[in-house]
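Following are the structures in question.
What follows is a pair of complexes built around chain A, which joins chain B in one and chain C in the other.
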Partner chain A sequence: MKPQRIRRWALTGGVIGALVLAGLGAPTARAAEPIRIGFGMALTGGLSANGKPALLAVQIWKDDVNKRGGLLGRPVELVYYDDQTNPATVPGIYTKLLDVDKVDLVISGYGTNLIAPLMPIAMERKLTIMGMFGLANNEKYQYPNYFQIQPAGPDPQTSTAIGFFELAAKQTPRPQTVAIVGADAEYPQNALVGARELIKKFGFKTVYDRTYPPSTVDYTPIVRAIKATNADIVFVASYPPDSVGMLRAAHEVGLQPKIFGGGMVGLQFTSVMTSMGPMLNGVVNYDFWAPEPTMLAFPGIKEFLKEYQARAEKAGVDPLGYYLPPYSYALVQVLGQAVEATKSLDQQKLADYLRATEFNTVVGKVKFGKNGEWAKGRTLMVQYQKVHGTGIDQFRGPGKKVVLYPEELKSGAIVYPYSAAKN
Partner chain B sequence: MVAGLLLGGFYAAVSLGVSLIFGLLDIANIAQPAFVILGSYAAYVMNRSFGLDAILTGLLFTPVFYVLGAVVYRLYYESFERRGEESLRGLVFFFGVLFIIEVSLSLKYGVDYRLVEAAYIGKSIDLGGVGIAFRLLVPCLVGLAMTLALHLFLSRTFYGRAVMAVSQDRLALRLMGADPVRIKTIAFGVGIAAASLAGALLITIAPVVPSTDRDYIGRMFAITVLGGMGSIAGTLVAAVILGVAESLMSTFFGPSWSLAVSFGILLVALAVRPAGLLGR
Partner chain C sequence: MARSTRTLLVGLAVVGAGILLAALRVNPYVYFAGYVILQYVVIATAWNILGGYAGYVNFGTPAFFALGAYTAVFLIQSTRAPLPVLILAGGLVSGLLGLGIGYLTLRLRGVFFSIATLALSIVLQTMIINWEYVGGSRGLSVIRPSGPPFGSYVTFLFAVMVLLSVVAVTVARFIERSWVGRGLAALRDNEEAAECMGVPTLRLKLFATTVSGVLLGVAGAPFPYYVTFVEPTSAFNLDYAVNALAMPMIGGTTSWVGPVIGAVLLGTAQQLATVTISSEMNLFIVGVVLVAFVVLAPEGIVGLVRRVRGR
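Right, the complex of A and B next:
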């Protein structure tokens, strides 16, 4: 950011901050008034496939809390606006939330790009800010009052790939060569940087390392080039359309590495899973949630999913809600627990409590560490197994997305090599 | 190489509508890709609800799209063309149409990636050591058939020749006793009807969201211009050149260069032959 812009930010922030402080005269006088939580959310645009389910999860939490009598005896109210997946709308939305709507707490919208423009605002106004699935947003700012719910852990760059390469290194016969490929876009590039680091760490040999433009239509030439290298490991960092394209091309070209997958976004979505069906078999891919016994053991998750799935159709969102929604719910759950425990809406008190405490949530125990990321990363590696046909119901229960990593959440064994699980 | 040819056939199918409407009628219909996506969703809905094949749906829906196209053109004509305000305001009009289609699809079907199922998706045949994916082969063949059909329509039928005439000399056509507006309505309708099929092909190849259209705007217009405005055969040639260039680059030099090279070809071609490859 240019210094001039920073100065402008500082000035605007300062003026607005002073106004807010002036208005904070008598907070206790509003005891019966609702606690207002504000946020922008991607309800249209590129990220809305995740933004809308995230909103539903937050709404379910609000209803749950209000059923139990609210927070600090006050009902909870959500104030949200559509950020259109456009980072440029974020400053305006949050300024309105804080100055016009006078919300008590704010959380971020969904995704790295929408959290980035919120960081300077949060820092100017000394807000405690909950981040929803941002990758390394706080790496440069190191703002102490930022807390992020995606379980990437302290080293976000390698978080996607670590489980994949750890698993690969453990197999016998041990794979030797690696092909990595990804889209020319922010997340895939980050994941590839992490993958390169891990390849070095585990002593594999890279035989293919390329990127492609996100608007590529046909992936068979890429897959054919990878096939020609005969790589044992194929690591793909892709967004949904390319994930589907790569997977289909892999089947058409007859790609047979020993282990295949890694960082393919989209395979987690119900609409994609139910379209790809058996083509998923054998793919080892990152995930955040799977309906396996080890993941269903956390308190409250079954009730949440039941409610989510009941409301999903009406809301027109992912019918299963296994990827992001549990974490969106956990995010506000954490915030709510902090408010209850500190009996306060004071931003600094909340931040201090959030930093120091381990929370029990629907996604398990959450403890924040360096830069407000999870103290210990917990990105899952799952393998699709025994998928038959394209029915949705098979994905509701365990056994189709077997958790292989991390060890403490493992729910089954890997089928290795890839070709053994493919059919 | 083969993959590029297949891709080219598909690109041709997608670009035919633009070639007809933009190339021949000189209407900057930038909403064309949105109509293609509308075709994709029609295919998706029929595939999900009735198990109908995507491409069959595309074919069945061509009359519906034809009518839709005719209505859109009439609206455009009444509001802009008749008053001689077609250039810039017309562009804005079609931008509006593009957004309306996109947002309507988002509201109705959400923004999840949509795919169709067909027996041939994910399978391939081996021809002389080269695996050819049916998912690409079928759209390519349909694309070729569409090109041929459109070519025959324009060169052999009365209405087709009238369309060619309206693109060349409107006044002369009127003097011959034909109504240029009616002819243009027909041509516009045919162009949009082509989008129905193209959309079905698109969703057969790759998953679709309402905003997928934006990936195709550039390619569609590039192919039309490269091929020569209004030349159907040129569209096919240009589509194949772009497809082959993209595929070869992806295979041998790294996929990140593929688009740059495709558009590089366009620039060079325009510098050497400003009318396009087969343009007049």
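Right, the complex of A and C next:
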């Protein structure tokens, strides 16, 4: 053989050898000591504004647990990768976590679309899997070892709208006509299906029911069309960019329904609240957490938020952390409690315990029911009241996002009609 | 004759090695990462038939890829057709789209053709968003068939992807070495001159767009079973357009080895970056490498090697 060719073969052999060694070497690198929890998280891409705070919440839990001596006397370690908000990365990431990193437990990334590709992997390997804010992920699979922390409850489609329409039905004079509008996208479509069901149930009359493409930039024509119908109730199911667009357009056009809002994603986020300011006044919208006395009564939440807000500033993520972070913390809290109680990392034992037990968490009592959703839904309806200017500090305390629904967490009264609260 | 026999043998050897690797059942992560890299080998090779050989830059890769994937989703939903049928159907439908795009080249050239293909991707995505049967904007979970060969479905998909890559590369190599490749090279350099010299430019362009479309569709067809959840944003991801263009550029667009080298290098780097450093770096790597190659080695790695050897 020519020396050149020998060198080439040696190089190829070396590369293959290195790959094989890397493959073989990985399992032996496994440290016996820490309990490792693995997940992918949206740290870049469309959902990263929520993914980063969620990661911080999980990290805070890890530090809290390790301060108390870990789980089962072993320290907890997190292994996570960026899923880029792209479902196509999820199968690779979780296989890496399970087969190369050899994690003991897995939790999902943030959001419905990132949980969906994880389901078959979990089912194939019979894993216990904790879902972080997925809507109806388990309806098709009905996998018994899946548990989801968003308090949507057993009927996810109507969960966003139910509080909104129940409140509307209770007002005097009772509103009669409804306009519903939403984006052509995953969540808004689900929410609109639920809204239609509830409109029928409560006996309202639909006068407007349309969707718009997610790439819409000018919302005034839509709002003008809604205004022309003179609807008493306006239910909007939208993602952050269109929530902002709809709200601005409603103010420009002078939309004056009796009750306005419902399923607008984004208004809960600190960055949106501080940019919209007083325009939020009077909007009745779904939420999961608000700094109201009824929500602050749960054990550990104050300490968590104090720690979160201190660290969020440094990490440059959502400075208040009222929407997703408490639930992300609760998710791992539940998992940790299950590990402690069963004294085991056995997936089946953990699942059996998770299914049977009521947990005490920073977001209150959590009990899982059908399809691994909360046994009883607890999506809040809040109303923005007395927002002045765009300062962030006003949102830290109670009174700006008053909880109206459900009854047991109610922290104030609704201002009705919408126009009365507007200014 | 002897040459084509040798090509066939090498191809068969690669497929055999792939099947052997699948049968060995090494760490499953190898198959997951390997699948993605091989998928890019097919995509880059397919793109290069039109973009490299004929010089028509196609930004619509996601449209063809997603069309293959959604054809598969449609068939899974309606008939639960087996994987080979999905792949053939995906290739056929994307090939028809490619043929249609081929007729566009009658009126659109250069940058205008590229813009049209970009628009194609957006138009198709909007159509899929509004088609509820294949999941619409919400996306659709796909359940894999049970009892796959090699024990796990992704291992099986990996073996299938090895086969598809070999087929794609063989087709590209055949085109490059035949009169078709020479004709395409001629029209890449000067379409009018080629036409005057008797090169059937339209027929060749139609052939290139169709073959490129077929291979992109073929690459997309197994995608639903790989991710198990198909939704428009990830199926029509711009990453496919960027990578399909970057990989041949880095490897070298004039030869069939170029896209393969580019896909293996860039694909592996991206897979490693995803699980080591943050992915913001991931895209950054592609950008920097692409700019570096365009400036320093416009003919890619293949051109670079040729230059070094020629010295």
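Note that the second predicted complex is superposed on the first by the 391 of 423 C-alpha atoms of A that agree within 3 Å, B and C clash if a C-alpha of one lies under 4 Å from a C-alpha of the other, contacts with A are read in each partner's own complex, and residues count from 1 in each chain.
One rule holds for everything that comes next: a residue touches a chain if its C-beta (ideal position, glycine included) is under 8 Å from a C-beta of that chain, and two chains touch if they have at least 3 such contacts.
What you see is a predicted model; the values in this text were computed from it and never measured.
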{"item": "Partner chain(s) touched by A:213 [first = chain B, second = chain C, both, neither]", "value": "both"}
{"item": "First, second, both or neither for A:120, with chain B first and chain C second", "value": "second"}
{"item": "First (chain B), second (chain C), both or neither touched by A:99", "value": "second"}
{"item": "Touching partner for A:44 - first (chain B), second (chain C), both, neither", "value": "both"}
{"item": "First (chain B), second (chain C), both or neither touched by A:186", "value": "second"}
{"item": "Partner chain(s) touched by A:385 [first = chain B, second = chain C, both, neither]", "value": "neither"}
{"item": "Touching partner for A:84 - first (chain B), second (chain C), both, neither", "value": "second"}
{"item": "Contacts of A:244 with chain B and chain C, given as first, second, both or neither", "value": "first"}
{"item": "Contacts of A:158 with chain B and chain C, given as first, second, both or neither", "value": "neither"}
{"item": "Chain A residues contacted in one complex by chain B, in the other by chain C", "value": "44, 46, 184, 213"}
{"item": "Chain C to chain A touching residues, read off their complex", "value": "26-30, 32-33, 36, 126, 129-130, 136-139, 141, 143-144, 152, 154, 223, 226-229, 231, 233-234, 237, 239, 271, 274-275, 278-280, 282"}
{"item": "Chain C-facing residues of chain A, complex", "value": "23, 26, 43-44, 46, 81-82, 84, 86-93, 95-96, 99-100, 113, 116-117, 119-120, 124, 140-141, 184-186, 189-190, 213-214"}
{"item": "Partner chain B, residues of chain A touching it in the complex", "value": "44-46, 48-49, 52, 184, 210-213, 215-218, 220-222, 224-225, 240-241, 244-245, 248-249, 251-254, 266, 269-272, 275-277, 279, 316-318, 390"}
{"item": "Chain B to chain A touching residues, read off their complex", "value": "3-4, 6-7, 10, 103, 106, 109-117, 121-124, 131, 133, 135-136, 205-207, 209, 211-212, 215, 243, 246-248, 250-252, 254-256, 258-259"}
